[in-house]
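Here the chain labels run A, B and C in written order, and each chain numbers its own residues starting at 1.
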C-alpha cells in the first residue's frame, strides 16, 4: 500500500508548489474572462438579454464575458453564490428585484441584503399587465372589476407564491375590493396553457404575453404611472382609479451589480463600460425586440431604486399573506 | 437466497430510516424555515410526507415478500435476460475479462484521488491540476509507460479545455489561489 | 403539422445544427460500440454540453447520440459476441454466427442499414402521431396532468420486473430528490439544511452523471480487464447490404411497426422491442430453424426494431412529457435545462423547435446510414481501445461537464455523492431508471398535484370529478394490481401472448 501511495503523494506536493507559486500578486484588470450571472433559468429571456449586453461590454473591456444561468430560491442562490466568491470584479450579477429585495423582505434570515452589493448600472424595467382571454366577456377594466367583485374566487396565475408580480396583482385586487385565488405557476409562461385552456380566469401578463399571445388575449391594463410609449392604447390601472401604488418598484427590474468590496477602480471601469452600452440607441432597439425596456440609471439612481423598493414592497408581503388567508 | 433476504431487510430498514428522517425534517426544519403555510399551501410539507409514507409502506412489503418467496427457488437474474432496463439495472457480474479483478481498497483509493482532485480543482484551477490528476489515474489503472501517461494526460486535458472553454464558452474552474489562467 | 415541419426547416437548416446532429450520430456510434457505455450514458455525458448551444443544435446532438448509440452496439455484438449495449443482444443471435462464417462486413452493413431505415420509419410515426396527441393533451388541466404523470412513474417502476417493489422505492426517492430546494409555492426552502447551494435543488446533470457514469466507471474498474486489446481487423461493409435489406421489405416494415409501438408504451424499450420483433420474424419465416445460424433476417428484424423504438419513445415524451424510457427521460431533462417545458404547450409555443427536433431525428437516421457505412473501419478499430485509456477520460468528461452546467463546484460534489449512491444501488439490485424518471417528472407531478388542490380549495374530490383524470387514475390502480402478479406468472402470460401474436401472423 505504501509503495502505491508514493507517487500520488509526490504529485500532490508538486501540485501544491505550482499552485502556491502561481498565486503571487495581482495583475491588471481584466486579465481573464468575466462571468455574467443571471439568477433565472436558461429559458428566461433575461439570459438572452444578458448575452447581448455582455457582448457589447466585452468589446469595451477587451475580455470575453460569459453568461451563466443559475436558478434557484427565486434567484437567491445566484446572489449567495456571488457573495461566496472573491470580490475581484470578475463576477457580474444581474440583480433582479425578486432576489435582491423581495426575497429579503420575505425572509430576513436569508443571509444578505441589497447593501452587500455595489450597483454598476440599471438595466431594464418590465411592467406588469392584467390579461384576460379574447373570448371573455370583459372588455374594460371596469367591467372586469365589477364582475370579479360580485364573484369572489376567480382564479389567476400568480407566477410563484412569493413574487413581485403576484404582490402587485394581489395589491391591486385587494384595493379594488376583489377576492381572487392566486394559483402559483413557474413564471408567466408556465401558466399560459391553463389560462388559455380555461382552467384560470385571468392572468398576470407583461409585454411578452402581449407580443406572443396578443391574438388570443386582451390586455386590460398596465400597472404603471403613465401609459407606456410602446403600447399607448393600453390604459394604466392608475388612470382607472385602481392604483396598487408601487410606482417604479412595482415592476420587474434588474440592475447590474458586483459584490461590495470590489476595488474602486474596477467598479468605475465597469460602470463606464456599462454606461456606454446602455445609453446607445442600438442596444435599446435590440432589447425592445426581447420586450425589455432598457432604462439606464446612474449608480446613485440604482441605490435609490433599491432603497425605495425595499420600502414600498413591504406592503406587498403583507397583502400576499392576507390573500393566502382568504381561502383557507 | 438467504443472503438476498438479509440484504432486502437491510435495504428496507435503511429506506424506512430515511423516510422517517424525511418526515422528521418536515416536522422540524420545515416549521423553522416556515416552509409550511396555511390552507392548501400546507401541502409543501404534506407532499414529502405522502411520499415518505409510500416509501415506508413499500419497504414493509419488501420485507414481507422476501419471506414469502420460496427458499431455493428459481434465480431471478436468468429470467430477466430480455428485460428492458437491464443495461442500467444490473451490471453483468460474470465473465471477468481478465484475471485482474481489483480489490475494494483499490476502488477506495481511486475515489480518494477523485475527491482530492475536486478539492484542488477548486483551489488551483483546471489547467494547473488536471494533467497531474490524469497522470495519476492512468498510472493507477496500470499504464506503466511514462511517455504514454504524459501524452495521454496532456492531450486529454487540452482537448477537454478547447472543447469546453473555446467551443462552448464555459469558464472552467479558475481556482481561488491561482493566477495561471491559460 | 405542416406548420411544424416548415417551421422546423428554419430552425434546423443551419450549418451548426446539421453538423452537431452528424457529430452526435458519429459519437453515438462510437459510444455504442464501446462495451459498457451505451446510448444512455452517451446522452447523459453530452447533456451538460447542450445548454451552451442553440436549442435545436443541442437537442440534435443528443438525438444523434441516441440514434447512433442504439445502432453502435450491434458492431461489438457481431464481432466480439459482447453487445456494446443490451439492446443489441438480439442482434447477436444471428450476427455473431454470421461473423464466424467470415461474413462480418455483411453483418455489420445489414445492422447499420436496417437501423437507419427502421429509424426513419419510426420517425415518420413520430412526425404524424405526436402533434395529434399534443392537440388532445392541450385540454388537460393540472389534475389530468397529475394522473398522467403518475402513470409514467408506475410504468417505469414496474418494468424492472424482478423487483417491482425496489423500482417503486427507487421512484419514490427520485420524487423526494426532486422536491429538494426552494418550494415554488411558498418561496421557502425544503431539505436544504440551510445550505445556499441547495436552494436550486440537485442539478439533474450532476445526479445523472453521478448515478450512471461514475458508478458505471467504478464497476468497470472493478471488473478488471483493464489492459485487454481485442484482435480485430478493420473492414468495409459492401453496399449490396442495402439491397438485401430492401428485399426484406415486409420484415423491415413489421419490425419498425413493432419497434415504434413498443417504444411508445411508457416503460418498455429497445430490448423488448428487438426480441419481440426477432421472435415474430422467426415465426413468420419460411425456414425458422435457420434462425440463430446467421440469417440476415434476424439482424434486420432486431436492428430495425430497436431503432424504430427511438422514434416511438419520443412520441409520448414530446407530446405528453411522459418519457418512455430512461434515455428519453434524460432528453426531456435536457429540454427542461434549456428552458423548454416538454408537453402539449411546446407544440403551440415553439412549433419551430418541435419541427427542428423532428427533422433532427430524421436527419440523424440519414447520418447513421451515411456515416455508419463510410466509417465502419474506424468504428471497428474503436473496439481496440483499452479500458484503462478510456475510463479516466470519461471520468474527466463527467467532472468538467457537470461543472460546466453552472460553473459550480457544488455540482461536482453532488455528482460524487450520487456516484456512491448509484454504485450501492446497483450492487443491491435497486434499478436506477425509475429514480431518474421520477427526478425528471417530479417537478411536473408535485406542482400538478398541489395546484389541483389549490384550484379545488384543498378538496381531493377534484381528482374524481374531472372524468379524464379519474379514468387515468383508475387505470393507474389497475396497472399497479396487474404488476403485483408474481413475475413468473406474468412471464408465462407474456410468452403466451407473444406466441399468440406470432401464430396469427404465421397463418
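To be clear about the criterion, a residue touches a chain if its C-beta (ideal position, glycine included) is under 8 Å from a C-beta of that chain, and two chains touch if they have at least 3 such contacts.
Keep in mind the model is a prediction, meaning the values are calculated, not measured.
In terms of inter-chain touching, the protein chains here all touch one another pairwise.
Between A-C and A-B, more C-beta contact pairs are found at A-C. Relative to the centroid of every protein C-alpha atom shown, the closest chain centre, again from C-alpha atoms, is found for C.
Taking the mean of the C-alpha atoms as each chain's centre, chain B and chain C sit 20 Å apart.
Centroids built from CA atoms put chain B at 35 Å from chain A. Residue positions 34, 37, 39-41, 169-171 of chain B are each in touch with at least two other chains. Among the residues of chain A, those touching two or more other chains are numbered 35, 68, 107, 161, 327.
Within chain C, contacts with two or more other chains are made by residues 185-186, 188-189, 407, 454, 457.
Put simply, chain C touches chain B in their complex at residues 38, 40, 49, 52-53, 85-87, 89, 159-162, 165-166, 168-169, 172-173, 175-176, 179, 183, 185-186, 188-191, 193-194, 212, 216, 218-219, 221-228, 267-272, 275, 325-326, 387-389, 391-393, 395-397, 399-401, 403-404, 407, 409, 412-413, 416, 420, 426, 428-433, 446, 449-450, 453-454, 457-458, 487-488, 491. Residue ranges of chain A in contact with chain B, taken from their complex: 1, 4, 7-8, 11-12, 14-15, 18-20, 22-27, 31-33, 35, 64, 66, 68, 86, 90, 107, 161, 324-325, 327-328.
On the chain C side of its complex with chain A, the touching residues are 51, 138-142, 181-182, 184-189, 196-197, 199-201, 337-341, 343-345, 348-349, 406-408, 447, 451, 454-455, 457. Looking at the complex, you find that chain A touches chain C at residues 35, 41-44, 68-74, 76-77, 80-81, 84, 103, 106-107, 111, 155, 160-163, 181, 183-186, 189-190, 192-194, 197, 199, 212, 327.
Interface residues of chain B facing chain A in the complex, by the touch rule stated above, are 34, 37-41, 105, 109, 113, 116, 120, 123-125, 128-129, 132, 135-136, 139, 169-171, 174-181.
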